[in-house]
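Have a look at this one before I ask anything.
Read from first to last, the chains carry the letters A, B and C; within each, the first residue is number 1.
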């Protein structure tokens, strides 16, 4: 809802026909982040995250999670993403709590109670196992989150495109990512429209349940009717043309990116092999 | 309309905006210290360019937006204290995009949605639906699926569904965009009929002609506050043209013609014709 | 060199009634052809057919021929047609890709799809933005724009493909008067600078009066009137066809209806 900059001043260049000004490729398109981890190629970051996830789950005991946690802490501090990780931790807390509760009280085969209060008997093994599982969960989600938070989706898609992911794949991922915020916004608009018609959104729960159809229907119908128009709009922009889609912005893939990526993938393979062969765990 | 329904329609309240400011979460200032008073039964067109704050303004009337400063009063009572769902019984707002609200499989069910939420049932409900359909010219489409109708008719359907709520205050957000000549005429008759029934009618529009012809009062908005406010003849009179242009609007053609011919303020075709005929009755 | 529709009839998929036709129409480079008509008279169908979307993308059955610069449209793939006939819809929201971070990249989407060199893409984007005076919007997020701004961005996105013919379905319907004037002037400029032929569907006959050279009026799918803009807009039959005459014409007619003859004064007043 901003003041419209549509109308040019009578004296501005835009209103006089003639030479358009070519201002070159803007920096907000080719923006380069700063910091060692952030500037890593997206595929490299993904490979590292994959290694971290595999380590957390396949290396037995506390070694895996603790090792990865240390690495994450260093990287997060260096790339100024501590706050984002704290948010993830907060979001995971309900799950962590339920894991703790379940394991504390219902770990099968545990025979070392902390105390007894009638039928309720939390066990030390349960506590230990619960802590281990929660830590694994938190470290795993932090590893993924770190890669996600430091990689703009466009960079990831541009990189995938460079590596051969077709324009359809790129479009689908890009559209899917945008779909959630868009749908949320749309639901907000629809809610406004239906509330203006007297639909009750505060109040007893069964009243609110009745609001589902008036909210869901416009979302669904709207999305469906849009499909045809959006398909045509894409065709109108030559989406189905053959050949490689020009990339205006491609993240760099330097030798250190490649080296790190290969190292991570090899280490990942190593962990899997070791685990499978029974040497470890 | 049955006597029962007529009796149910309460008198329209007085609307007052007292120093209302509103800023969106991202910081955009949409309304800036706005003062406005609308008496019961008035027909008001709120005009301005895209982004001048028109839609933001009317959303304060049914509680969808709350002012970040100032107060919105209805009959002296601060609207802030009232739930949106309850304000809906007093203020009906037809949104610009009809597809945001269409939620039923038939025209009839769609129009029934609003009144049902207000507790209307049975014979009275049927009566309201029929009246609303007649008012917008969709009488033959009772069982049609809204998505089988074109966009402009869906827009009329959205207006009908708000009409059926018989709210004392009726607000239409850009009702004429995308309408053909017949559609615009329809909207005009809806406004006239609602006004005749004593309802306050407010329309947000950037169609100067529609504003001049169908409304008794025009409020020109610019940058979140009121730039001009008065009857069409006053607002579109020549002395106010610089102000209009500063708000990125143009006076309607009859006003321009009338001014050039020295006939005073003639904001509509009808007033211009009348002025000319009066001037030279021998040719009339 | 022209866009020619000859004896075209079209039925939507799953429908037996003829939505459009028979229609004969020609758009020549550098010319603006206006299309008016009541709602559901076939205007949107005409746009979809002329641009090859119908039946190309949405199915349905077509008869007759569409020839673009001597090439039969039926032999062209959708993306080849897109480069020849740019299509702009009524509502901006559905035309944005919703996968780009900035308006610049949104407008670049089309040229990038054509695998053009990056320099060429950049040049075309700035040209398209400049033609509409919206360079200031380039860094903005496409999804955060107002309706009118979104429409201009959608128009720029189509212009960036440098099509030979532009087919526009009520491009100004959601714009305010200032935005409408901007788009109308930009279209004329585009026609002049690129030599594009424009097929413009509009309710706002004032816009057609301002920029169209000739026009047709559709009624229930077929052409009811055709000719130079001034002639058509002055014709009394427009009202029966559900089309609003431009303000000047309406005024003159109201005066005549009042039995008065003030055409001289009116002409001098309005110039």
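Methods note: a residue touches a chain if its C-beta (ideal position, glycine included) is under 8 Å from a C-beta of that chain, and two chains touch if they have at least 3 such contacts.
What you see is a predicted model; the values in this text were computed from it and never measured.
When C-beta pairs in contact are tallied for every pair of chains, the largest tally goes to A-C. Look at the CA centroids: the one farthest from the centroid of subunit C belongs to A. Centroids built from CA atoms put subunit C at 29 Å from subunit B. For the pair subunit A and subunit C, the distance between mean C-alpha positions equals 40 Å. For the pair subunit A and subunit B, the distance between mean C-alpha positions equals 44 Å. Annotation for subunit A: residues touching 2 or more other chains are 1-2, 4, 6-7.
Multi-chain contact residues, meaning those touching two or more other chains, occur in subunit C at positions 146, 148-149, 175-176, 178-179. In subunit B, the positions touching at least two other chains are 49-51, 248.
Every residue of subunit A that touches subunit C in the complex is listed here, in rising order: 1-2, 4-8, 12-15, 17, 20-26, 28-29, 152, 154, 167, 170-171, 174-175, 177-179, 182, 226, 228-248.
Residues of subunit C touching subunit A in their complex: 48, 51, 53, 56-58, 77-79, 82-83, 86-87, 89, 91, 94-95, 97-102, 104-105, 108-118, 121-123, 126-127, 129-139, 143, 146, 148-149, 152, 157-158, 161, 175-176, 178-179, 182, 189, 192-193. Of all the residues in subunit B, the ones that touch subunit A in their complex are 24, 28, 30, 49-53, 55-56, 59, 62, 64, 83-85, 88-89, 91-93, 95, 97, 99-104, 113-114, 117-118, 147, 161-162, 165, 223, 248. Across the interface of their complex, subunit C is touched by residues 48-51, 150-153, 174, 177-184, 206, 208-209, 248-250, 252-254, 256-257, 260-261, 269-270, 272-273, 276-277, 280, 283-284 of subunit B.
Contacts from subunit A toward subunit B in the complex involve residues 1-4, 6-7, 186, 189-190, 192-203, 213-215, 217-218, 221-222, 225.
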